[in-house]
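What follows is subunit A paired twice: with subunit B in the first complex and subunit C in the second.
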Partner chain A sequence: MSRYPITWRLLDLVEAVAALLWPRALHRYTGWLLLLPAIALVGLLVAGLAYMGDSSLRLLDTETFEQSEDYTLANYRDLIEKPTYFTVLMRSTGAATLVTVLTLVLAFPYAYSMVRTRSAWRRKLLLVSLFLPFFIGQVVRAYGWLVVLGKTGIVNTLLAHLGLGPFKMIYTYPSLVFGLVQYMLPFAVLLIAPAITAIDEELEAASESLGATGWRTLRHVILPLAKPGLVASAVVVFTLTITDYAMPVVLGGGTNDFIANAVYDAFFRISDNGLGSALALTLVVFASTLVAVMLGLMGAGTLGMRPSGRGR
Partner chain B sequence: MSAPMVKVEQVAKRFGEAAAVADVSFSLERGRFLTILGPSGSGKTTLLRMIAGFIDPSAGEIFLKGQPVSAMPVHKRSIGMVFQRLALFPHLTAWENVAYPLKMRRFDPREIPDRVARFFRIVKLDGLEKRRIHELSGGQQQRVAIARALVFEPDLVLLDEPLAALDRKLREEMQVEFRRIQLDLGVTTINVTHDQREALVMSDEIMVMDHGRMLQLAPPAEVYRAPANAFVAGFLGLTNLLRARVLQADGSGLRLQAGDREWHQPMSRQLTVQPGTWVDCALRAERVRIVAADAGPGTGEKARGEVHDVLFEGDRVVYEVRAPALGDAVVRVIDRAPERHRLLERGRAVCLDWDDTDLLVFAV
Partner chain C sequence: MKLLSPRAVFAAIVGFNLVALALPTLVILGASFTEGNMIVFPPEGFSLRWYEKVLGSESLQEAFGRSLWVSLICTAAGVPAGALAALGMARFRLRFSGVLQIYLLLPFTIPLIASGIGLMLFFGEIGVLGELWPVGIACAVINLPFMIWAVLASVNGLDPDLENAAANCGAPPVQTFLTVTLPAVMPGVITGGLILFVLAFNEFLVSLLLTDAHTVTLPVSIYNSIRSIITPDLAAVSVVYIVVAGLAIVLLDRIVGLEVFLRSK
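Our next item is the complex of A and B:
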């Protein structure tokens, strides 16, 4: 006879304690209880946004460094009238779009071969090389690129031996995009891989036997079925990029600022909380709108949620 | 005389050390229906996938209409396949699934709607074209898969046990249905199954495989009546297999011994065995006659035994009889007309009898 497993004993204990803390009569409110942390968190965020909204409507008095008592739209007028902010916004959006496209193009084949490879070793290797950068952190990684690509970095030193260079590879827009793509790749792969795992391999065989070449199978079967993963990773990569701070600071070298950098400067360089709040709120509204449009075009159902009104 | 539709020549497949398929050769004429029958792991699916092009043979060559195809990619072969899990495209409608091969094979777009409509009628699904795959029942999905494999009128259709997942009634309906469509269209078909009934019902020819080898290739009736060896005899139908020792062999037949019983076995075909060796005797359960031991004389008797188990199946009764005289072997007996006499209950002493010609003898 086997003994009653110790893990079951522990679970029984947990259940007994739970029954004491949350009596049976309250069970029908369990759903609300579970929602509580989320509501608290979102509530805090909303409160913060409201505070920032209030702050964004007050002007900084440059004499006393205090905010004005009365409300004004001056900060928002500033954003519209000064071309710098528009440039920064467009730069962030453009970079986010470019990084999203490049990341998906690179992540899809990576995820596909990781899922479909027959060799367990190759899969492990691909997984490890995917996770390794996660342990390093964004800022350190960005500095790593300085070491590699800088004026006296490894690449330029090697090229100098060949009588070439030095080339300016950092503090440029391409290097910023490069750094961001490299940073986003693991996120995208991890979101696409489950979508590919969910595609029955037999479907690819079927497509081939029905006369489709590899490319047409990709186009007509694999990509449509992987769409949830592609949309999810596009949304994640896009929002992470458009709100990024560290990469523009380190690899952009001060000449390729994103909105987050402008927000930082407003708060901590010129201590203009009103302007900073206005910038931050603009970013929130702008990015949320873009994501909403993206999901609207692709359909929220593509994220694996139940399509509305089509219950069986 | 044109080349056969399919010709398989000494094809083998090894996975590492293990031989999944060993030296299989056969050919199939246009319009014929071949079933590859075997237990799981017999290599039948590997053979089918080599013909489809998903697996490269380790040796040998496969010809379609006389053309060698080992260098030809899957999508260039004119082969329609119905997959075990159907592999219908979930993001497309039934109509789009059936039209898919026509689009991929670049049929004239003006011709596609009529052709798809025709095949929806053939598989009796007209009216359901707009449904998504998950909105169809299992049987309907089956029909979409069949239409999709047939719609481009391939030279050859391969069935990879697509009916195995259906419940019995639906499966038997689909067997008849597919055979009707296959005969109407005259499409050459290779079916893979472990279901002996399906093989017997549907096929023009049955190929029995075990351990990667082809054991017999013949029409269903011949495979059933004249199995090539003890495995084939045991795999089709309910068969009693009995090991016996050869005491004497001459032109008229064999003198055999099993348990305490010794008998003369007339041989209709040549079997060269040495005295002292062992042979396998196969006896179909439905060829054994059974009567209660106290029913009095009237029939001959090859062995006595005791009813060990009774399986009442409605249209027939299967008795399992323990026969001490045959080395305590359990002999299974099918009674096809149980309503004509009383059931024999468990523990009843019975006499068993059969015709000498129904006992098939194979060298071990």
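Our next item is the complex of A and C:
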């Protein structure tokens, strides 16, 4: 026995311990055992939501700044009755719609070119250009836009050479939308690209050889086949935008708040945890419903968690 | 007519995207080397003074260290949890797998502000709010789906018969796992791990909610400075992020190749 290498003996020990802790009779639950850590991690989130639910049903006593003992729906009624929250909701939804449309229009050609290009070098350039901002993070990127679009930034300096401006661009709605589109672009492209890869290139060639122009091939062959990717990226971009916090607060300059900003303010400006929780939960329900409806209408797209080719 | 062919329009859009994607990064790089006290275009002169100032700042160094720690905890918690979950879902026929999928997608479908506030209330309730490790755990929770996706993508390349063959040749379960399953999904584990690390290093909103004045992470500290006055030292700090992002991309490309993200599922 001792002639065997130490690693073998260690491995045997590990096997013995594993067999002791997880006997053969339990093997049919091995799948669940593997899932346990992930289920526990997400469980923290669920616990958090439960605390929020509890808090949202308690009213803030403005004298003592403590939450009431008994449950009430007053916070939810407040949300419905105060017009500010409706305005914020409408602003977020409108911006999310605009950003989604713009992002998809910009992302599709990028994904298509990246997948279809014959030059490995060009593909690498497109990939790196995509991943660099993706990995740099939102705050730094928003800061970059402040510098680009600021009073003494590149855009205003170039415009000044043409005898124009200076224009006030930061802290406006268009710059907020622009910053969001640039932020969402990598997400959208990375979700569309696999769908384009899945399209047989010969279908495009067949369409063109049958006399369809480029645009008709795009409309009748490529876009319908790329739908799973387009659906997935539309859902992701829409929900990420409508729930965004950083871009409105940095590029919107406090006058273009989204729902997330209103939630933050409820907690940290007016210290009303109940109202903030109610607002955040409303956002959860609103966003989940939208996702469910969109996925229900258009299928799971490339968002599914199931590996392909098995059990579908 | 030729001018409006899809090819030409696509090329124009791709060009526009490339500029839009690169501009903030390039501008930050440029501004960080300026000699002046203000960020103007084109930058005035060339100096490393803002880097000197940043390197001499104790609070920034501490924030950097905290962000690093948060990323490490996030990776340490998220990589095993996500990888095992992906293997569990791919390899075993589980009951309620539909519900399970929805449950594991929750971090992705629940808005970040709600996840962050919920975790803040939860960590506050159990009395650990204000410590650093819960921030790392929170980052692992909210980014878990990325890890699961990354590993699921490489599970597809693993033939279940290989595991059966190993078992058939007498390999016990743990050995099969370590010598057959794990190496096969390693590209996915590395990809997911890198993404988790970088996302945690960047995480702003959850950090903002879970940290206090003594535990601010680097993104929060940058954000706090943006709100006051924009000076070139911020650009020099931001270069840290550009460097980290660049390193992550080089690693990803070397180890698995960026092209894996183009593969169809």
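Here is the rule we go by: the second predicted complex is superposed on the first by the 271 of 312 C-alpha atoms of A that agree within 3 Å, B and C clash if a C-alpha of one lies under 4 Å from a C-alpha of the other, contacts with A are read in each partner's own complex, and residues count from 1 in each chain.
Keep in mind that, in the parts below, a contact is a pair of C-beta atoms (placed from the backbone, for glycine too) under 8 Å apart; a residue touches a chain by one contact, two chains touch by 3 or more.
The model shown is predicted, which means the values in this text are computed figures rather than measured ones.
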item: Overlay on subunit A: subunit C relative to subunit B, clash or fit; value: fit
item: Which of subunit B and subunit C A:A232 touches, first, second, both or neither; value: neither
item: Contacts of A:E202 with subunit B and subunit C, given as first, second, both or neither; value: first
item: First (subunit B), second (subunit C), both or neither touched by A:G276; value: second
item: Angle at the Cα centre of subunit A, taken between the Cα centres of subunit B and subunit C once the superposition is applied, in steps of 10 degrees; value: 90
item: More subunit A residues in contact [subunit B versus subunit C]; value: C
item: Touched partner set for A:A212, first subunit B, second subunit C, both or neither; value: first
item: Which of subunit B and subunit C A:V221 touches, first, second, both or neither; value: first
item: Touched partner set for A:L251, first subunit B, second subunit C, both or neither; value: neither
item: Minimal inter-chain CA distance - subunit C and subunit B, angstrom; value: 12
item: Touching both subunit C and subunit B, counted on subunit A across the two superposed complexes; value: none
item: Touching residues (chain side subunit C, partner subunit A) in the complex; value: 5-7, 9-11, 13-14, 16-18, 20-25, 27-28, 31, 38-42, 77-78, 80-82, 84-85, 87-94, 97, 100-101, 103-107, 109-115, 117-122, 125, 137-138, 140-142, 144-145, 148-149, 152-153, 155-156, 172-175, 178, 198, 201-205, 209, 219, 222-223, 226, 230, 234-235, 238, 241-242, 244-246, 248-249, 252-253, 258-259, 261-265
item: Partner subunit C, residues of subunit A touching it in the complex; value: 11, 14-15, 18-19, 30-35, 37-42, 44-49, 51-52, 55, 105-107, 109-110, 112-115, 123-124, 126-148, 150, 152-154, 157, 181-182, 185-186, 190, 193-195, 197-198, 214-215, 217-218, 239, 242-243, 245-246, 250, 259-260, 263-264, 267, 273, 276-277, 280-281, 283-284, 287-288, 291, 302-311
item: For the subunit A and subunit B complex, residues of the former touching the latter; value: 200, 202-203, 205-213, 216, 220-221, 224-225, 312
item: Residue ranges of subunit B touching subunit A (in the complex, touch as defined); value: 52-54, 73-75, 77, 79-81, 83-85, 87-91, 100-101, 104-105, 134-135, 148, 152
